[in-house]
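Presented below are the structures under discussion, each in the form of structure tokens.
Next, two complexes with subunit A in common: one pairs it with subunit B, the other with subunit C.
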Partner chain A sequence: MPDVIAAIDEGGANDLVQDAEAALGTLSDSGSGSLGPFTASWSASATFSGGSADLIAPNTIRLADVRMDYTVSFTFSFDLSSIIPDFCLPQVCVNVPFIGRVCTPRICIDWPTVTIPVSHSSFVKFTADFNPSVTLVGGVWKVDLVIAGVPSLQLGPAAAAIIVAIGAAAALVLLPIPFIGPVLAIAVAAITAAIGVAGVLGLLGPILSPFVTGLRFTVYEQPQVFEILPAAPPDAAVNVTLTAITAAVVSTDEDELVLNVDFSP
Partner chain B sequence: MSTLDSRSLTYVNTFGRRFGEPGQVRYRLVTAPVTCQPAHDLPFTIEVAREEGGEQQDVTVHLKGDALVAEPPQLSIAAGDLVLWHSLASTPGYAVQGESEKGQFDSSSLTSETLYTHAFGVPGAYEWTDAVNRSVSGVVNVGSLDSGDPKQCREWMEALARGTLVVIEGDRADPSEVSVLAGQTVFFAVSAAEGITITDARLIEA
Partner chain C sequence: MPCERYLATLVMMSLTETEEVHAGLNESGANDLLTAVFTARPRLLNYRSSPLIPGPPASPAAWTTMPAIAFPGVPGGVGWGVQFSIPIIDFHPDSSGGLPPPLVLGVGRFSLRTTVTLTLLCGTRRGEHDPDNPQAAVMPLRAKLELVGIGHTNAVYFGTPGQGEVTFDVDAIEIVDIKPDELETLLECLIRMLLDAALGTVRLPFQAVSAGAFAFALVRGPEVENDQLKLYGNVL
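And then the complex of A and B:
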């Protein structure tokens, strides 16, 4: 029989999760990856909120509709010549009164390397199962909810929006390039087609999924040894040592998250 | 950034000069229009024959190692022929400086019977002037179009082959204001001038 048994119902679990999400704060990461045929450097940040807890015995806390708000920024550079065909101004001739007929040569345009920055903020909701995990690290007991399994993130709408944003950003970057005019629309279409929704998903998924797959909410934290003050003098304060903590979802008349605690004076 | 400046020729420019007098012309290509250089440093020649011509002769300028070279380096032409210098895309801005028994010439100082062409790549209004004395000036309005519209795009492609001529005589440019589409070429032909430049006024103010 444990020394202390603490139990919370689903309402209490919801409160714990909301607090844990707030305590988790903003997660961020950066790196590089493939954006279609291009390489993009990226940075991303994510916060979590919401979700309702469903306690499922013996060991599962299902959080439904957790909201992940994220911002992802990436830049990709490439040689424009690799994406749009060579463009040549034709020979141009005029009659100059005191010289005669003069013709310029055909001029082929040397397309530059361009860098296109794109930023996108949105949110995605997911449902995932978590398992309680109790650890004693550095003299502190922690009860975490650790995600079990990888939920599928519905990033299709975000990818479509990012493709549109890439098109708009590309047009802005390309517009000042000399002689781009006649092939501007072709260039923008070629860039977005080369990347495609699949290309964005191929980058976005690996960026955002780790935020979720590594998700760990700390719902309870307590130093292993802590002091209990006396109710009244002359008793002395005593140190209590938590020797063991276990956590599990227990189904009795209702589902509860139960912590069993053993301690020694 | 505008590159409308006859003092620095790039691949979107040409410089032309009509050689009416027979004799030998020697010239050099420089990345900066420096006038004080040894006379022997004129590696390229144009032999102007006595017979009369009136044709156009092209010279291509490109970078070989760290030196600007003309191709062909020696050119034989008839009197009255126009020599037109143009460069490859990778060539840095340059000027053509030469001399003959009849005198000197310099592409960065346009005189009679010379020509400067510029293909305008970016839409906008370009006020040009003579960078030295501001003795002559004009405006080139460069328009754009919806490149996503196939009809406009087709018209644009056709327009690219049409040039626009501005004749400069003394302090007068005729016409003083022209309108073209991005990608079109304007020919600035100098019939009489003491030595002017065609320079975007913003480059001078900067």
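And then the complex of A and C:
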């Protein structure tokens, strides 16, 4: 029999997971990827909350409706000339009495390269199975709930919202450009059409999925040299050494996450 | 027993029962904790009136020094020492091989085995009457007794509701083969008081009983059964 058996039921596991989600804090990442025909540099952050735990013997903790709140910011640049043809106002000459021939200069419009910033915050819920994982690294015992497999993230609504956001951001950027007025709507439409929902999904999926696929919630963390009593002069602290820890889901008349701990003085 | 086999042999009742969290400290774990406490703090087991009471342990820090027993005509009082070995606890049911009568390990109780070494600085007053030996002579006399006791556990709360410590109380001890019976009874009462006081200095935080797992507020316990000390609570 192990020195200590610690067990928690599903109700307690719910609270435990909420605490672990809060302790995980904000995850963040950055990089670059394809946004339709464009290349976008991006940064993203995500936090996790909620979800209800279903303990399934012998090794599964199913978390349903975990909420991932995220913020994605990205910028992409493109040459406006690639969607709106450059054009030139031809030289116009007139004969003015007593002055002679007067000509206007030839004016050519070469559309600039523009950078469009977009930021979008939303959330997505998912359900996934987790397995307990026990590690001893650097003198610290940890029991993590590690996600098994890659849950499907329903990002369609977010992608549609981002397309709208891209259009709005593009309009703001293009508006100050000289001579853009008559073709502004065409330019915005061309940009959003070039990207499309598929293009947003192609960027959003690879950004958000890694937050989920590498997900692990720490539900137990103690140093291997475990302090029973703190130092209280003249007495020294009292420690034991945690020598072995196992974790499993046990099903009896209810389902419980059970940790078995052995230690030595 | 390997964890998997142990888990497989668990009865159908859940560990947490009607609460959210269960922490069960097996008697071997309890003895490891007591060993850790008393090894780090040997002064909790070793008491003497002066360094004239010889060790082991050798280190003065391993002793609690207390006044000698004052008595008229005994200069400086009666020097004494009391030392316990680290108690070995056995939670109900009995797996120690039996208790000496009249001790009975009742439900919810624990038994313990330890030794007590009593030391007396035996002196004379001959210095007053013998000019050739002006110093009063003292000689440590020792008696080491094996004893068995029974006791129960308590929860002591402080601070946040449900937070606290587990303590151990000694209810009775038995020292066999001391005659006459009155002397045995006297010694047993004296040593029980001392042992209860010494063991009473051990206060195990609830989180130590669970090895730091699942921070909880105690709702039920400590309960002693199936060779374990059990705590039940809800997640904080």
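Everything that follows uses one rule, which is that the second predicted complex is superposed on the first by the 231 of 265 C-alpha atoms of A that agree within 3 Å, B and C clash if a C-alpha of one lies under 4 Å from a C-alpha of the other, contacts with A are read in each partner's own complex, and residues count from 1 in each chain.
Here, contacts are C-beta pairs under 8 Å (C-beta built on N, C-alpha and C of every residue); 3 or more make two chains touch, one makes a residue touch a chain.
Keep in mind that this is a model prediction, so the values were computed, not measured.
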Partner chain(s) touched by A:178 [first = subunit B, second = subunit C, both, neither]: first
Which superposed partner A:138 touches (first subunit B, second subunit C, both, neither): neither
Contacts of A:90 with subunit B and subunit C, given as first, second, both or neither: first
Contacts of A:256 with subunit B and subunit C, given as first, second, both or neither: second
Touching partner for A:242 - first (subunit B), second (subunit C), both, neither: second
Partner chain(s) touched by A:233 [first = subunit B, second = subunit C, both, neither]: neither
Of subunit B and subunit C, the chain that contacts the larger number of subunit A residues: C
Partner chain in contact with A:101 - subunit B first, subunit C second, else both or neither: first
Which superposed partner A:149 touches (first subunit B, second subunit C, both, neither): neither
Set of subunit A residues, in rising order, touched by both subunit B and subunit C: none
Subunit A to subunit B touching residues, read off their complex: 89-105, 107-110, 176-186
Residue ranges of subunit B touching subunit A (in the complex, touch as defined): 3, 11-12, 14, 16, 18, 54, 56, 58, 82, 84, 86, 89-90, 113, 115, 117, 119, 121-123, 144-148, 153, 156-157, 160-165, 167, 181-185, 187, 189, 191
Footprint of subunit A on subunit C - complex, ascending: 1, 3-4, 6-7, 10-16, 19-26, 28-29, 32-33, 35-37, 39-41, 43, 61, 203-205, 208-214, 216, 227-228, 234-235
Sites on subunit A touched by subunit C in the complex: 1-9, 11-12, 15-16, 220, 222, 226, 228-229, 234-240, 242, 246, 248, 250, 252-254, 256, 258-265
